[in-house]
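As structure tokens, here come the structures.
Here come two complexes built around subunit A, the first alongside subunit B, the second alongside subunit C.
After this line comes the complex of A and B, so read on.
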């Protein structure tokens, strides 16, 4: 089953949009549940996004793309 | 802080790579500690001490008042007395208030003491612009520091080199100035350069200080740069390839010592030299590189060398004016075309 990586709704206060500043794993690589995979910046503060499951990473939002809470930024294929 | 990704293709930003190198050295060497403005709970304005305060606490990760003269001077004293401090000058532009501590104390105490006193410290400092932070927060000043004897100077262009150079700098018995470009930190608001975020091994390793890297091999022209300029050069090389020209890109990585051998070997092969530097045009790195190649008796240039550097003006605040002044890939390609038309 494909798992979506979304921006957690409690990652930062308020509903401000953020930007993906770095992917810390290559597109197509295998990642394990709990791995740090990306960084999102909101008003000069950075937040970490972890993989919610184990699988092959498919990046949906590249660096510099704007994201909101709940945005799907990647998928994980088992 | 060790980034907890087990994937073999784990990548780090330069900010994370610097923090990871520092943490790994602090775990094995109790003499290593960090001082600077906002290096503690905030994790550094540029992210390069993130996680360190949580792991090592306020005794070894010390937030300082805004008094660079005092804490850099204190670091020189600590280093002379057997510690291995890593201190941060938040923006290199602030060097004016603390230069005596840097170049009269840090850089010269070993010489003045006849070699009896070692000063094993790392001075890390941010460089560069591109995000409209104006003339007191955007300079590179590579040439200013590389000009003064007594300290090593390194400038990483990617996270792999940043981690290896930081580990090497902390282990070095000489003072090392570690100059990191803000646009390569992976901090978003300072610019995003994907090429700087690369695969980095989890274990500690060193990158030898004083060795340049051939970032791309080529036959027709040598592009020499450092820091963010390496990424401009790689993009220019790609554009030139589409025109049928093969450009070699040299990443200096270290200004002191300067790897003149690698420069000369590359230009001996290509016969053409363009230096790309975000520091000021005159009296700086670009002039030194060209002189180092041209003064060698074996030098055979097929064309007069060129430089794509920052114009000799204070850095403008207005985005359109700043972007006009910065080096970029288009300017490098244009310099190469100009070179061909002249020779």
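After this line comes the complex of A and C, so read on.
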């Protein structure tokens, strides 16, 4: 079953958008649950995004793309 | 980069490392929270050398190699930091105060606004202790690396703030690192000129204004900063 990697909804208040500042893993790479995979910046705060499951990473939002809370930024295929 | 000192060696008094060493020490603070070694830590440092420090994403800009060369020739090598924002000069004219704290996700402590106030409100209180009545948090349009939570005096930026958040290992808790960079010496013109040189070299037309910045030495020219700084650290410790 495909697992989505989303921008957490509980990290900042309001509807301010963030930006994907870095992917720490290449598209198509295998990652383990808990691995750091990306960084999102909002209002000068950098948040590290972890893989919620183990699988093959499919990047949906590229570096420098704008994202909002809850946005799907990648998927994980088992 | 130098190896980070053990966390027990980091004391809440002013350190004088290189820029690179200071950035490594900041990372060590965040990692100590993530590893469960401590739930709260403070670090104050002012570099003995200088650099223009920015998030690594700037490395992707098309003109970055040329900008790096230009800034190096001017005596301002570029280094990267882990917090957000845009380029900021680091030199002995800047004092950095870094606060790292374990926070529970889902509570108000998980929000970045809380983090900025966690650093900024005690900072304003400390300035009030020193007799500066008009310190507050807010944006400083025209300032480099502007944000909504600068510590301002008379609406001019004194302290720039930025954060980094990381999950605590094996927990839903988060580790927050919040960084404040306060200009204490030189003139705003001297530091703004460095950032504008980068802007020019990178081909970005945006320029920043010295009028949007203020240095502590302009406001409190007779302040004994080494003597006053423990008061800021105490304020930050008490607020936790």
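Here is the rule we use: the second predicted complex is superposed on the first by the 78 of 78 C-alpha atoms of A that agree within 3 Å, B and C clash if a C-alpha of one lies under 4 Å from a C-alpha of the other, contacts with A are read in each partner's own complex, and residues count from 1 in each chain.
Convention: contacts are C-beta pairs under 8 Å (C-beta built on N, C-alpha and C of every residue); 3 or more make two chains touch, one makes a residue touch a chain.
What you see is a predicted model, and the numbers here were worked out from it, not measured in a lab.
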{"item": "Three-chain arrangement built on subunit A, subunit B and subunit C clash or fit", "value": "clash"}
{"item": "Touching partner for A:12 - first (subunit B), second (subunit C), both, neither", "value": "second"}
{"item": "Subunit B versus subunit C as contact partner of A:64, first or second or both or neither", "value": "both"}
{"item": "Which of subunit B and subunit C A:72 touches, first, second, both or neither", "value": "neither"}
{"item": "First, second, both or neither for A:29, with subunit B first and subunit C second", "value": "first"}
{"item": "Partner chain in contact with A:41 - subunit B first, subunit C second, else both or neither", "value": "both"}
{"item": "Stretch in clash, subunit C with subunit B, out of 128-136, 200-208 or 218-226", "value": "200-208"}
{"item": "Common interface positions of subunit A, toward subunit B and toward subunit C", "value": "21-22, 34, 41, 44, 46, 63-64"}
{"item": "In the complex, subunit C residues that touch subunit A", "value": "55-57, 60, 82-85, 105-106, 110-113, 115, 145, 147-149, 161-167"}
{"item": "Touching residues on subunit B, where the partner in the complex is subunit A", "value": "3-13, 16, 47, 186-189, 192, 194, 197, 199"}
{"item": "Subunit B partner contacts - residues on subunit A that touch it in the complex", "value": "19, 21-26, 29-32, 34-37, 39, 41, 44, 46, 63-64"}
{"item": "Residues of subunit A touching subunit C in the complex", "value": "8, 10-13, 21-22, 34, 41-48, 50, 63-64"}
